[in-house]
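Right after this note come the structures.
Shared between the two complexes below is chain A, which has chain B as its partner in the first and chain C in the second.
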Partner chain A sequence: MKGKKKNLYYWAFVIPSLLAVFFVIVLPLILGIGTSLTNSDGHTAVFIGLNNYRRLLSDEQFIYSLWFTIRFAFVAVILINVIGLGLALIVTQKIGKISLFFRTVFFMPNLIGGIILGFIWQFIFVRAFAGIAEATGLTFFNAWLADTTTGFWGLVIVFLWQMSGYIMIIYISFLANIPGELIEAGKIDGANKWQAFWQIKFPMLAPAFTVSLFLTLANAFKIYDLNLALTNGAPFGSTEMIAMNIYNTAFFQYQQGYAQSKAVIFFLIVAVISLTQVFITRRKEVDL
Partner chain B sequence: MTREKTHKWLVIILGVMITVSWIYPFFIIFFGSLKSRAEIFTNTIWIPETFVPENYSRAYEGLEYGRSFLNSLFITTSSIIIIVIFSSMAAYALARNKSKISTAIYFFCALTMLIPFQSVMIPLVSIFGQIDFLNRFGLIIMNWGFASSMSIFLYYGAMRSISVSLDEAAYLDGGTPFQIFWRVIFPILRPTTVTVVILNAIRLWNDFLLPSLVINQEGMRTIPLRMYYFFGEYTVQWELALAGLVLAIVPIIVLYIFIQRYIVEGVTKGAVKT
Partner chain C sequence: MKKSLLFSLLAVPLVLSGCGTGGNEGGSTPSEDGQNGDGAGGETVTVNFFNQKPEITAQLEELAAMYSEQSESNANVTITTVGSGEGSAALQARFSSGDEPALMMLNGLPEIERYSDSLVDVSEMEVADTVIDGLLEGGTIDDTQLGIPLNIEGFGWMYNKDIFDQAGIDPESIESYDDFVAAVETLDSQKEELGIEEVFGFSGGENYIANQFSANFTSPEFNHSILDAYNAEELTWEYGDQMQKYTDLINEYNVQPILTVDYSRSVEELFVNDQVALVHQGVWIVPTLNDIDPDFAQEKLGILPTYGESDTEGRIPAGSPWYIGINGNMDEAVVEEAKNFIDWMYLSEEGQEMILNDLAFIPAQEGYDPEDISDPVSRQIYQAMLAGESAAFVHNQYPSGWFQQELYPQFQSYLNGEQSWEAFEENTSQAFSEMR
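After this line comes the complex of A and B, so read on.
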């Protein structure tokens, strides 16, 4: 085909997607940086330079939400990876067809959206836990989601329920790629299952750790639906995560310029997390 | 041998215990959805003593279930059709024309994947609002924009294992690139299309934040949106809220049981390859 015609087809194939990405993601990002330099309330806007960013430094609720989200992400990432790997190890043992059933069940919560998961667990924490407390007299089950601590752990538990099955799937696919001969060789050398795991499988799982770690981390930072449905930031904004803080600033307090400066900072944080993952996984691949 | 067997049974028992605790929350919701308002307070986590199936007809009406379901279905399927058509075409062109421009486009798409939704939502809604392009069709375009990069990557990865000689043979038979793509290449990309459809379907069907910002007409609300307002109205009437939740979950679980192999495969590919 002639060069010119070929070029025409090339662009006809590529341009629609590029336009969609441009108008939906890139243009808003660029305009957003502009908005973050104004005092926009959604209707009128005056340029105020870096004032929004200066204000962020002393915004107690924003800093609190950021810190709450970091703590949440830290705890959730560790637990989800431990549980996800545990589940993966259970379903990859030689236990016959039942392993498929286990897999199906463990993954199921991941298919349900954050809003619905949050409501399901709101009932469980608020009503079912209260029922258990009455029946058993255990004060542990009292007043869940009514204070910051139980709100925090409530969010962790639901996120764990949602994400562990997903992380399990990632670990399964990496476990399946470990050559069988390696395990066999270990057995011949007299390794038991415990040693085979820690000394042969575990080191081979390094790339899976990086992928899962950063995937959970990025997802933990972006949580909104679950937060809204489970606690809605209550009590008194003490369980308000960073995404919800941005949303509320923009759509309840109508400070769109200010909210957008938070959104820009949020973008930088998530981008650093994701880029670190790319960087580390690439380097690991070279090592192997 | 007996050691192996004990090990096997210990693992199975552990698995069963986790399974029970894993799905028990669903049962609590299901049992609750069949109870009377009074019984939910006296018997919260066990099988109902008296069944109240009317909760379901009331929740069905309250959620405007038929309508919400169709709204969700319309938005999810139309978005996915557009995503599949244009992402596969773009990936084909990028994979078959190795040039600096293609590499630049590829990296451009990779970079946009780093941008979280919340950091563009405010200007996005304001832009689309100004040109009066919100609600269903605006939402479909936005879904397309957000899904493009990941879908292009998945198709691009699959293109690498499809030999160029196929294109060349079809070209000698006198096809335009358009015909070659749709008649020869796209059918071979089928497994990837399944992955792209599944990954996007899970996300779009459950999406809440974007539709909540874009859809401003009550009659167009999707299931998660309806559920949100319904739950707000009925938290004092738990039995209705719970029946509504069951109605929202059932289609997903039924579909999952039928095509779970494809879903698990699709999710694996999506997680490991992008």
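After this line comes the complex of A and C, so read on.
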């Protein structure tokens, strides 16, 4: 009797969110896979089997965008986590109230939307950098965003700016959870600061790596707003990331079936990479 | 066996999505049903107008309010605006969700064709008779007129008369490509005295500018006809050499890096502040210029044609970028009211006054006195249009997505020296046929 009631409560609480997940995620996914097998243009659709997927293999721009996104994600994930952890270590030092101020400042860029950040930085790269180049004669600051290399690094820099503070917060919370006794015990055993970090703090941070890597990886792959505001794919489509490529196929060319097949492939890639990452980093986590 | 199982699995979502759109064929949303009744007098008829030009929202709303006020049948016209290139995606979303507008602004024949099953024939409407020759064909699919041109726009080399004066160049004397080059070189040699940064402020960072620029050179290939451009299976770049000449000229005398010059820098910063002498732009910049410098359009603004066909034949591309379509899926009362609104907008005195003064449109109808058109450049374009001396808006008839995904990147690539002109022509031409 009691068990039955418990069961009822259980389902009463679960079903609303289950329904929401079904209608918002599962159903569109199924419909999306269905659409990817048609030549839909948004109004009419004819079933064409796997033709869209076959066509993907020879779509140079799609493959380029995918590769560009993977390179971007690789660089961004490493740098964000290094910088995020670095910032977290700095603001958790015993430096008094000012650390609170720094935490806020570092986190601030995350509160600004990607579109706005993109436009602000576009101004910095194009106008402010040109000003610096003129004033100092340093060619390094010339013509940012006008070629592929600076476009790539421009995107990386802005993404770092946006995400590092957020990842820092995650590291801070995990750093704060490391028991003081462990560090103290290490000190008594003669460990210096460097050893204390690598031998004690670093392994204890493994769960934080799982979370942070997952968040940065997934975000780096799915980035769109920043891309749109900062470069919009220019110059010559060379900074067009995968999400933008899909959107443009769907809403500029109106090949929605084809765009959907790109999205399905994209989904599979992101799912495989993120799940592999979570699986690997999970194994490294230590229990106390 | 296996195949049929697979297919039925796949068919489920298809059928589901089919139901989704099928259910909407009725057209009107529940709220409208409630309001319309069954033609019962006194009920309000709501006509929703889907606008893709954010800069005219306020004026359209005023027009709608004026119409609703004078209407005897309790019509209520509402305006929805989504612009900046996202309009057509938003319109598609409105259709997919069943919340269809009664009136919609559509951009060129490819977009009109996509909605052609929903649009009603407008050839019987009063306003259709007054439209300038050749403009209606831009809204015609399979010999059925489905769109009323909103207005006329035109573009070309907008120049700053003051700078030309100071440099001692008479714009009237420019009658060929060579004259144009000579003028550019003269301007360049006097950069410091004139206080200009460079001669050109071409926006190499805006895809629609590349698109419009290309129209100068594709219009003659398509016989200056919108329909020919729309029906074209291929683009051979017959006049590509002219385009290359112009492109090289711009690139040499332009503010660099050309690829990061965007609209706001080109127009709102450089051109309006006399920092560059020439930009490739259209009449839509007039309100912006006047906001910053109230006398700019009257005193300083001029337009030069592009010699796209040959070195001596210059034309200004002009046409209607937007066509108003009427949604036949709506209730009859709504469709009638939508037609009435459009007739009223273009034919009534109040409407015409709004069009000339508040909207500052170049009218797409015959019978206006050119002197009534406020700024000189618009007047020049209206006259060229009436006389049939303009190039056509063929760039709105390219395959969907072609200019964003192919023309613009390839053009940028050439500007940046990444590829040869031959490669540009070959790549864009190949994609044109594939995407058609």
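Things to note:
Basically, the second predicted complex is superposed on the first by the 250 of 288 C-alpha atoms of A that agree within 3 Å, B and C clash if a C-alpha of one lies under 4 Å from a C-alpha of the other, contacts with A are read in each partner's own complex, and residues count from 1 in each chain.
Basically, contacts are C-beta pairs under 8 Å (C-beta built on N, C-alpha and C of every residue); 3 or more make two chains touch, one makes a residue touch a chain.
A quick note: this is a predicted structure, and the numbers were derived from the prediction, not measured.
On the superposed chain A, the two partners chain B and chain C do not both fit; they clash.
Contacts of A:31 after superposition: both chain B and chain C are touched.
Of the two partner chains placed by superposition, A:279 touches none, neither chain B nor chain C. When both complexes are overlaid on chain A, the residue A:18 reaches chain B alone and has no touch with chain C. With both complexes placed on chain A, chain A has more residues touched by B than by the other of chain B and chain C. Of the two partner chains placed by the overlay, only chain B lies in contact with A:102; chain C stays clear of it.
By the document's definition of touching, of the two partners only chain C reaches A:43; chain B does not. Judged by the touch definition given at the top, the superposed model places A:233 against chain C, while chain B stays out of reach. Residue contacts after overlaying the shared chain place A:260 against chain B, while chain C stays out of touching range. Of the two partner chains placed around the shared chain by superposition, chain C is the only one that A:143 touches, whereas chain B remains out of contact.
Of the two partner chains placed by superposition, only chain C is touched by A:248; chain B is not.
Only one of the stretches 22-30, 76-84, 130-138 or 238-246 belonging to chain B overlaps chain C in the superposed arrangement, and that stretch is 130-138. Where the contact sets of chain A with chain B and with chain C meet, they give residues 31, 35, 42, 251.
The touching residues of chain A, counted against chain C in their complex, run 30-31, 33-35, 37-38, 41-43, 45, 47, 61, 126, 142-147, 232-238, 248-249, 251-255. Those residues of chain A whose C-beta lies close enough to touch chain B in the complex are 1, 6, 9-10, 12-14, 16-18, 20-21, 23-29, 31-32, 35, 42, 87, 90-91, 93-95, 98-99, 101-116, 119-121, 123-124, 127-128, 130-132, 161, 166, 169-170, 172-173, 193, 211, 215, 218, 221-222, 224-225, 228-229, 243, 246-247, 250-251, 256, 259-260, 263-264, 266-267, 270-271, 274-275. Remark: chain C residues 7, 10-14, 16-17, 21, 88-89, 92, 95-96, 114-115, 117, 205, 207, 256-257, 259-260, 399-401, 404-405, 408-410, 412-413, 416, 418, 435 touch chain A in the complex. Taken in their complex, chain B has these residues touching chain A: 7-8, 11-12, 14-15, 18-19, 22-23, 25-26, 28-29, 32, 40-41, 43-45, 86-87, 89-90, 92-94, 97, 105, 108-109, 112-124, 126-127, 141-142, 144-146, 148-149, 152, 171, 176-178, 181, 202, 205-209, 213, 224, 227-228, 231, 238, 241-242, 245, 248-249, 252-253, 256-257, 260, 263-264, 267-268, 271-272.
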